[in-house]
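Each chain carries a letter (A, B, C and D) given by its place in the written order, and its residues are counted from 1.
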Amino acid sequence: MSTDNAIRELVEKVTNAPGYTKAVGTKVESAEPGFVEMSLAKNDNLLQMNGFFHGGVVAGLADHAGGGAVTTAMPPGRFAVTVNLQVSYLAPAKGEKLIARARAIQVGSTIGVAHVDVASRSDGTETPCAVAIVTLRGVDFPAK
Amino acid sequence: MSTDNAIRELVEKVTNAPGYTKAVGTKVESAEPGFVEMSLAKNDNLLQMNGFFHGGVVAGLADHAGGGAVTTAMPPGRFAVTVNLQVSYLAPAKGEKLIARARAIQVGSTIGVAHVDVASRSDGTETPCAVAIVTLRGVDFPAK
Amino acid sequence: MSTDNAIRELVEKVTNAPGYTKAVGTKVESAEPGFVEMSLAKNDNLLQMNGFFHGGVVAGLADHAGGGAVTTAMPPGRFAVTVNLQVSYLAPAKGEKLIARARAIQVGSTIGVAHVDVASRSDGTETPCAVAIVTLRGVDFPAK
Amino acid sequence: MSTDNAIRELVEKVTNAPGYTKAVGTKVESAEPGFVEMSLAKNDNLLQMNGFFHGGVVAGLADHAGGGAVTTAMPPGRFAVTVNLQVSYLAPAKGEKLIARARAIQVGSTIGVAHVDVASRSDGTETPCAVAIVTLRGVDFPAK
């Protein structure tokens, strides 16, 4: 199994484990060392009162994608947990789908930082809706 | 109806409208001008893989509570939408319940800022798990 | 005078007005609508105890550059003041020069957001040292 | 020498070492484990074009105070360096003096977080002008 396959499997395993990311329907679009793309299809339980994706849902996707980007850039057996999440909302997330692209911009022995662009897609057109910076620290991967 | 009752009704109406905050079970514990307390009971769909509340869920509750604190401090007919959300995670949210207390620390003609303390509660003991600063801008309340 | 010249003159005028940005030696490298590049040469009064640029100096340059990027993207007569500044430090700023490149990523009627990359340069090589997101609101340009 | 004296001496030593904090005139008002208060008197080199303290100067004081609060809460020999700085500006810093009060709200084995209130003082009256959250990581104190 190639390294990239192993990385994608790891990201999918964490994303699809029982819990929040699985419950909301997070989909791993791509994963490689230091970069992941994830998406979330619109459904009634993810919206705010105007019918746009809720800011908390945008933040949650950004957080999860940022964690994936940094974890995949860390040595095997290490896992990144969020220390600080910063989200700037640029426009209402009006589309049918949220897409987050996260890139590790720094990975050190204890700290990693990811930059995340979030867009919403409607009829094939993407509109940026948020940008996030996620700061994480590395811990040992939880034993099974 | 007293002002405070009107404020609580507004916060509950927004929180219980169909969508994310209702779907996850957000409960309004108290609401007055410039301050709201909200809680979220643990359930399997809100957790990360270690069984703690997911960081995105913590962020979402902080965002919603911060919006409530600033909206209730604004003139009637105005509504606060998040521009920037910043969350620092202090400890794993291991408890049975998340509690967010949000206070408006600045409310101007266009911008408001809320400070939010988030704790998790277990067996009656609260442990701080996050602190957030939410920056919002005022818009006219959406017409029905 | 072309628009771009007018924009550069505005940015230089604000930067070189008596006060902090002039006192520390901020230099406008380039300015166009929605983008500015600024630099700061090392001197003893800008460092922390290890001889690197102080984090506050990095933050100040990012703030000022972000303000320039958003102001130059606003209609004439409007000026952007910082509401929220978020800086992630990626590496010590060890070089001889700090360089900030700020780009407006959202400019609306009340709010603008800039993304800023800060690098330090040594012997012609740049090393990223920080990334910042600056949220600003537009106000009328102060009358003379 | 009592512990508190040792702590104050450490904070003053770092603050008064040649460099930015000394150059701008940072004064240590008080220091104890997990809390520091610092001030900065107005002078022409610290202002923006309206005559208020520059946002970068506010950020720099918040950063330095936050670092002091976390460092003093760490075991001897450890030192906190900033990973992430978040500043929300609440009002123009119009006073004669800036005052930052920083409190460590979390100190772990690798990460510490400080909450900082910044006010400006004029004729004995303080007006809150910013609130900051500083995230830091602990490193070994640099050898002399």
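As a convention for this text, contacts are C-beta pairs under 8 Å (C-beta built on N, C-alpha and C of every residue); 3 or more make two chains touch, one makes a residue touch a chain.
Because the structure is a prediction, the values reported are computed rather than measured.
Undergrad: Looking at the contacts, which chains touch subunit A and subunit D alike?
TA: B, C
Undergrad: With centres defined as the mean of C-alpha atoms, identify the chain lying farthest from subunit A.
TA: Result for the farthest chain: D.
Undergrad: Please tell me the distance, in whole Å, between the geometric centres of subunit B and subunit C computed from their C-alpha atoms.
TA: One centre to the other, that is 33 Å.
Undergrad: Can you work out the whole-Å distance between the CA centroids of subunit C and subunit D?
TA: Comparing mean C-alpha positions, subunit D is 22 Å from subunit C.
Undergrad: How far is the middle of subunit A from the middle of subunit C, if each middle is the mean of its Cα atoms, in Å?
TA: Averaging C-alpha atoms per chain gives centres 29 Å apart.
Undergrad: Among the residues of subunit B, which are close enough to touch at least two other chains?
TA: Touching at least two other chains: 83-84, 86, 88, 135.
Undergrad: Which residues of subunit D touch subunit C once you look at their complex with the stated criterion?
TA: 14, 17-21, 23, 44-50, 54-57, 59-61, 63-64, 81-89, 142
Undergrad: Across the complex, what residues on subunit D touch subunit B?
TA: 86, 88, 90-91, 105-106, 113, 115, 128, 131, 133, 135
Undergrad: Considering the complex alone, what residue numbers of subunit C touch subunit B?
TA: Touching subunit B from subunit C are residues 83-84, 86, 110-111, 133, 135, 137.
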